[in-house]
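Per-chain numbering from 1; labels A, B, C, D and E assigned in written order.
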Amino acid sequence: MSTPTLWLAAVLPAAALVAGLLGLLLPPAPSHDRASARRTAVALGVAGAAVSLLAALALLVRVDAPVEASTTWIDLGGLRVTLGLRLDGVAVLVATAVAAVALAVQVYSIGYLRRGPHDDVDVDHRYPPYAAQLSLFTAAMLTVVVSGDLIMLLAGWEVMGVCSYLLIAHDRRLPEAPGAAVKAFLVTRVGDVGFLLGIALLGVGAGSFRIADVLAHDYGTGTLTAACLLLLAGVAGKSAQFPLHTWLPDAMAGPTPVSALIHAATMVAAGVYAVARLFPLFERAPAALAVLGVMAAITMLLGAFAATAQDDIKRVLAWSTVSQIGYMTGALAVGAPAAALFHLLTHAAFKALLFLAAGAVIHAVGTTLMSRMGGLRTAMPVTFWCTVVGLGALAGVPSLSGFWSKDGVLAAAEAAALDGAGPSAAWVGWLVWLAGLVGVAVTAWYATRLLLRTFLGTTRTPLLRPHDPPALLRWPVLLLTVPAALLGLAAFAPWFADRLRVPGDDTGEAVELVHLAPNLVLPFLLLLVGAGVAWAGWRRDPAADPARFLGPLRPVFVRAFRLDDVQHTLVVRPVGALARVVRTGDELGVDGLVEGSGRTAVEVGGGLAALHRAALPRAAAGVLAGALLIGLAVALIGVTS
Amino acid sequence: MRPVIPYVTAALLFGLGVYGVLRRRNAVLVLMAVELMLNAVNLVLVTADTTVKAALPHSGQVFALFVIVLAAAEIGVGLAIVLQLYRLRASVTVDDVPLAEPAPAVTPAERPEGAVR
Amino acid sequence: MTFGQVLLVAVVAVPALGALATAVVPGDRAGRVVGTVAAALTLLATLPLVGGDHGWFGYGPRPAVQPWHQVDLPWVPGLDLRFHLGVDGISWPLVVLTALLTLLCCAYTLWRVPTGGGSGRALVALLLVVEVGILGTFLALDLVLFFLFFEVVLLPMYAVIAGWGGADRRRAARKFALYTLFGSVLLLVGVYVVVAAAGTADLVALTGGAGLSRGTQLAAFTLLALAFAVKSPLWPLHSWLPDAHTQAPTVGSVILAGVLLKMGTYGMIRVAVGVAPEGARWAAPVLGVLAVAAILIGGLVCLAQDDLKRLIAYSSVGHMGFVLLGIATLTATGLQAALIGNIAHGVITALLFFLAGAVKDRAHTGSLADLSGLRETAPRLAGLLGFAAVASLGLPGLAGFWGEAFAVVAAVRRGGPLWLTLAVLAALGGALTAAYFLRLLRRVSHGRPSPAVAGLAPGLAGAELTAWAPLVLLALAVGLAPALVLSYASGPVEALLGVVP
Amino acid sequence: MSLVQSVDNVAMLPAYLAAGTAVLVLLGDLLVARPAVTVAVAALGAAGTAAGATLVGTAGTRRTFCVGDDCSWVWGGRAALVGAVIALLTLGVLALSGPLLRAGRTPVGEYCFLLACAMTGGVVLGAAGDLITLIVALETLTLPLYVLVGLRRGSLAGAEAAVTFFVVSVVATTVTLLGAALLYAVAGTLHLDRLGATLADRADLTDLPLTGVAAALVVAGLAFKVAAVPFHAWAPATYDGAPLPVAAYLSTASKLGGVVALLAVVQRALPGDMTGPVLAALAVLTMTVGNLVALRQRRTVRLLAWSSVAQAGYILAPLGALALAAGRTGDARTAAYAAAVAYAIFFVLLELAAFAAVVALRPADGDGGTLADLRGAARRHPWVGGAFALALIGLAGLPPGLAGLFAKVTVVRALLAGHAGWLALVVALNAVIGLAYYLRVTASLYATPTGAAAVRPARTVALALGVATVAAVVIGFAPQLVLDVAAR
Amino acid sequence: MTGADVLLLALGAVAVGAGALVVATRHLVRAGLWLVVCLGALAGDYLVLTAELVAWVQVLIYVGAVVVLLLFAVMLTRAPIGPSDDLDRPGWAAALVGGGSGLGLAVLLIDAFRWSRVDLPAAGTAERLGEQVFRSWVLPFEVLSVLLLAALVGAIVLSRPDIGRRSADEGGRQ
């Protein structure tokens, strides 16, 4: 491996990391020199992301074959932990996406976290730590991407969790923000328990945590299945898959750019990426893939249906993320990692675009509720058109990026279902395929609804004078429109497709991302149906919400099938109660025993002392009785022995 | 001669002495009971001289002599002590001699100050 | 005497003499300065210890303990007691940590003496005596000497708590003293069970069982493990700790949590496992189960805790549970995890207690209900608290990760249904750790400033930064480069495990 | 054959010195009639006795008053140790008596004379080779103390203490005498070594229940002297009523005498399988009850008294190892005896220091007072308070009171050498209870003072305290000194 | 049963009976007198057992000195001459312990000696005993002298409270 490549790969996370660490040293509080602190923070954040992006682009050019380098980090009693890089096409592509989105978010944040027009409070008085945390977040994700060692991957993985926690809790005006942040971290952390155990199983089996060693090791089926299932728990947490998806919608309490970062390129992508990275292991564990498939199918539909009823624009997008990640994991489940990764990339582009655009809307109208928007098309044309592109890609409008990648997923599922292709069982293919198809229609429905409710019709808050955002906000959105629209076409470029080849795939066949076949029509038809129904509903009464047609299902969908409540009832409350019980038990039981023995000693002492609260004869009696008893005992022992 | 006769006499005398020590309230009577016990010991010692093949003849009787002297000395001092007590309290009832300090006069509220802390 | 031997003796003698000097120097501040200088000199003396003979170049079987330097002088032959000190890869990091923390505490005391009665220099002198005991415990290679130093710590620490602690300090201090004495008298009996059976108290000779019968080993391990379990503390023998920590002054908590508890875990590795390996093998499942119980119960209690210092104290129960789980696995991985967990916990919890002390000193309350919005008024303090909490919950890349994650890995490595279950439960305990620390941060850092917090000055004193910065850096450094701690330990650990049947 | 036993006067020198001291004090008091001279004579005599005991002891074992192989007087290492220590304790107590004697309500001459008589008893006790000498010496040690205890003029507590001590002591002596008489009736000899040999040789005697009971009665009677439970109830009342220096003497020299007497019969005369279980039971009871009751004491001297009851338990504990067959092997026995002696030496030193500190902190001629009276004492008198704290911590058996720590270690080691692990555990757990009240006293020494005026400690008391403390520190670092002399 | 046995039995019965009255009578002074009877009977026992010197010393010291001393003490403490009701405390414990020890000892002794028979040894005359004391038991004899001296001085000190005051005055003068 050539040294420059190595250096570039190291720079990739390091640049952001350094920027982040330096940023943390800046004065966080409002103080007399905060203007300069903010400037420094901005410079550091943007520079970190930019350098990372440049490095990623350079690597994109340089890396055409997988490269790997590692050095021992620490050897724990025969278990080798390495500090290593493992670069292949997938890694470089994902890294590029991450860095690009990160840069866009950094730039966007400069403008977004200024004083808002409808807010007297100085929102960004803690900008330096915010920017630094963004940088750290990026660095962590990039670490996950380039890491050649499971422990190192875990490091990035967990740091991401912490950063998400910090960033979601950033906004001090929102009372629900800290709770959402804690939830985000905790739910993913619970998943990470499985992830850690899975890694431990793999590492212990191979005697090393290096991914190459792990992939090369021949595990027993039981171990492998267990390890893969455990890894899936972590994946479910990070990638917001059922049943650990509940944190993601709540995480919308964070500032919108943070949401963009989390949803587009970092947290949620990490799970999919990790599975793809270790795909050869999953291929050998069909049971795990089946579980993944079920999970994916449920998630797809769950997310899609939940998105239909939301009023909060960010929550619609959040649920759509849940659903789209379901497509990716579905692709993985049917043995098409390339399709999953392709969808990941296109999703990164259009979801970042959508969030930043939504941010622009929120910025303009000062609310996230669609019921208070409407008719913004004229006031915000740029934002409107960008959103149209984004939503089109999301829904899978032909020729936009999402169309191609979603088609890839559906085609793979169809192949698995009909032809039994891929490593998983046919029923998994059927499940994913059917769920995917339904999902297409529903996605089209809620995308249309979002567009109509937000931009068309009449304005519902007439006092506002919304306008397109300033340049700092506009340009990132505009630039993201390009990949959101066009990235799908890259699938036709062999060099691109080839880069999405996962490690286990050494067949040498060309990676086929797009299947230009008649059955492309089927999803397109479903799309039209979904969009048409939504449009029809809106036409009947442009002021009303099309979601009203959901009828009694609406509240269920709003609450996302009440899974939050289930989680609260089944996990949160029992744990809290258990904690109180254990605390009481510890204080009264364990400590009570200790204190009690002390008290008992004192009591017994008191009792014995009371025995001595007597007159002299008792002392003499003690002597004589003692002698008598001892004599008696000795005599008896003497007689018996 | 049946040595068991004086031995049992001694045992019974000792028992009577023990009973007296424990029963009597008057310090002088207690001392008398002690004398009974000591005499029981002496009887054992003197009788033992007849029963054992001692390395030194008459050791028991010698010991008994020493015990008599010892008892005399103790009674002398003991009576002086009892009389001293009588001078101070005008009573020689041993039941009035406490073993423990008088019951605490401090209130429970004060206790943590001095005792527990 | 070689240079290394001089250093070894100096490491114990300098703080002892320093304590004396501190006590007799006229003037309170002068005394504190003298004490701090002595602590600094001690730290300086510990550092070059690393430059010893690390390898084993001789012929024949590898001895289980190969000190880099050692001093071996007769003391009380009638009690099988020799003044035998030595340092190796297992003890050296702990020695340095002890010296460092004591120095930081002394320096901190230069700036602020806790209110409550005693003079500052008496506090510094007591801290130095505590240091003597801890360092001696880590360095002792004679069982009886080990016990002796183990006991030295007790009363000075009692005095620190009782003299400078919080409102309920007397009771807490008494509980601490009596409970830990309960542990150390068991240690005494255990030590002489071994010595009486083996005829020697030399740890180098004893390590590996030294031909002790199985029955003796079981008895010895039970006694020794109980003793160390009290000190560590292992659930359910932990209940002295929350009270002591809550009531102790900041520096007392720092020393207590930072290094004093490590005497227990160190003893468990070096003495209990080393001397009675067969007993260790026999008791490992029980130890493992209790360790996991400690993790879970510590976590759950923290989750329902409403006092800052008490929460941190209970968190120690959980963390020490991970360390003991590592030891209980009796694998090289587990022991190394325990060693690094020891160091990490020392650094991080010391920092946490410093911070909790700072919060409490400023806001005059430690109740979580009365604290909130710290990041609004004192952002740096809140940031550091966040850092420490995150480090403590075992974030990879910071010191706490290695010990906890690899204790779990070690349990997985040990294999079998029991250990796998323990691994799963311990990993869940890790999630609990996150839960209560996040709850702590949410209460203290976020939200609107409470009345107690509203008036805080945003800045930090220079002394505080001086005391904390090394800990922050260490938490990072050990996290990023665990080899700092473990590179010297692998040899001794392998050798130790080489003798475990 | 001469009419009178041949006498080795060199071997008898310590006894002569001790008895001579008594006589000289009496004469000096009669002829010179100056308290200072009397005290000086007594002090010189005590010092001379200690020196003589040591000198004669270093020259090897000397025996005299022999009948055949049985000797009534054996001046060996143990005797020299006991003699020297008792003489030194007498010297120390004399120093502590300074304020009491200067206060003027105590007859100086008689006080010193009685003390010297008691010392004579103690010196003879260590060398006694037969039961008669042993018991007579023990009485000589005790009888003057009845008087001394009652010497607080006009104090009802003092008179009551004297009566208590006297009555219980007489009863206990009678029990001992009965045991001795029965032993004689069984074995036909009164010399300890011969008794031991006889009982070891003749299984028919040891099978007799009477023999066991006789042995038990001797042990029980002697256990009274060390205030072992259940023969202890006199101790707190007596200590508290007696003048402080006399209480100090009772809890150090007198207790040491009891230990020596017990050891003499247990080691030389009685078979271990008879005495072992008795001693083990006594040890367990003694330390546990002593410690538990001490938890509830509010008067300083009573607390010390109960603690010294508990300490007697630790002294007896190693002998409890004799209860087991493994504890009766040669090495284990030797270790047990040596441990008991060593513990006793460590203990009397620390106890003397503790009493010296109490004397120093209390007004002359006062009693021990309550614990509340000691509040903040260490802040008013840092050195005295520090020494007191050190002594208390030593009694608790913790560093920095290394002497006490090594004492406990010695006991535990001896017990484990005798495989009496359970007894070692009891000792260990009792040490925990012990710490509870020692800590309470120590902590109250350093508490905020309540404002009582500071009393300036007398010079002699300070000297005694200083010497005892320095000695405690020295043997704390070099316990081998004590272990060596104790093992002889 | 020889004549000696009969004598022993008779004297023993007298001694035990008198002893019982010593501990049971309600007259203080009579207790002293019964003690004389008991001690006298014992002296007779000694004579039968050929311990002549001990018997005479018993009569001299015990009956002659100790009992007189005790009676003086009874007088000095102004005890009532007639019967008094408050001499005893409830007696079950005392009876238990006293009876237990007396009977227990008796059983042990009977168990040890049964109905064995011994010949009486040479008489313990003053000459023989003196020889024994000075041949074999000089040491305790000497120590006892110190004890007696101490007892003497001690008894005087306690009995005369003015001794302390005198030295106090001297201390004051110096």
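Quick notes on this structure:
By our rule, a contact is a pair of C-beta atoms (placed from the backbone, for glycine too) under 8 Å apart; a residue touches a chain by one contact, two chains touch by 3 or more.
Note that the coordinates shown come from a computational prediction; the quantities given were computed from them, not determined experimentally.
Minimum number of contact steps separating chain C from chain E: 2. Between D-E and A-E, more C-beta contact pairs join the chains of D-E.
Closest to the middle of the protein, by Cα centroid, lies chain C. When chain centres are set by their Cα atoms, the one at the greatest distance from chain A is E. Averaging Cα coordinates per chain places chain A and chain B 90 Å apart.
Chain A and chain D, compared by their mean Cα positions, are separated by 77 Å.
For this pair, chain C with chain D, the centres built from the Cα atoms lie 43 Å apart.
One finds 11 Å separating the Cα centroids of chain B and chain E. Within chain A, contacts with two or more other chains are made by residues 598, 609, 612, 616-621, 624-625, 627, 631, 635.
Across the assembly, chain D contributes residues 67, 132, 136, 139, 143, 146-147, 150, 154, 160, 162-164, 167, 171, 185-186, 208-209, 213, 233-234, 236-237, 436, 443 that each touch 2 or more other chains.
Within chain B, contacts with two or more other chains are made by residues 7, 14, 17-18, 21-22, 30-31, 42, 47, 51, 56, 59, 62, 66, 70, 73-74, 77, 80-82, 84, 87, 94-95, 97-100, 117. Interface residues of chain B facing chain A in the complex, by the touch rule stated above, are 18, 21-22, 30, 94-100, 103.
Contacts from chain A toward chain B in the complex involve residues 609, 612-621, 624. Put simply, chain E touches chain A in their complex at residues 89, 93-94, 97, 100-101, 104, 108.
Residue ranges on chain D touching chain B, taken from their complex, read 67-68, 70, 131-132, 135-136, 139, 143, 146-147, 150, 154-156, 159-160, 162-164, 166-167, 170-171, 173-174, 177-178, 180-182, 184-191, 194, 233-234, 236-237, 240, 298-299, 302, 370-372, 375, 440, 443-444, 447.
Against chain D, the residues of chain E that register as touching in their complex are 108-109, 111-112, 131, 134-140, 143-144, 146-147, 149-151, 153-158, 161, 163-172, 174.
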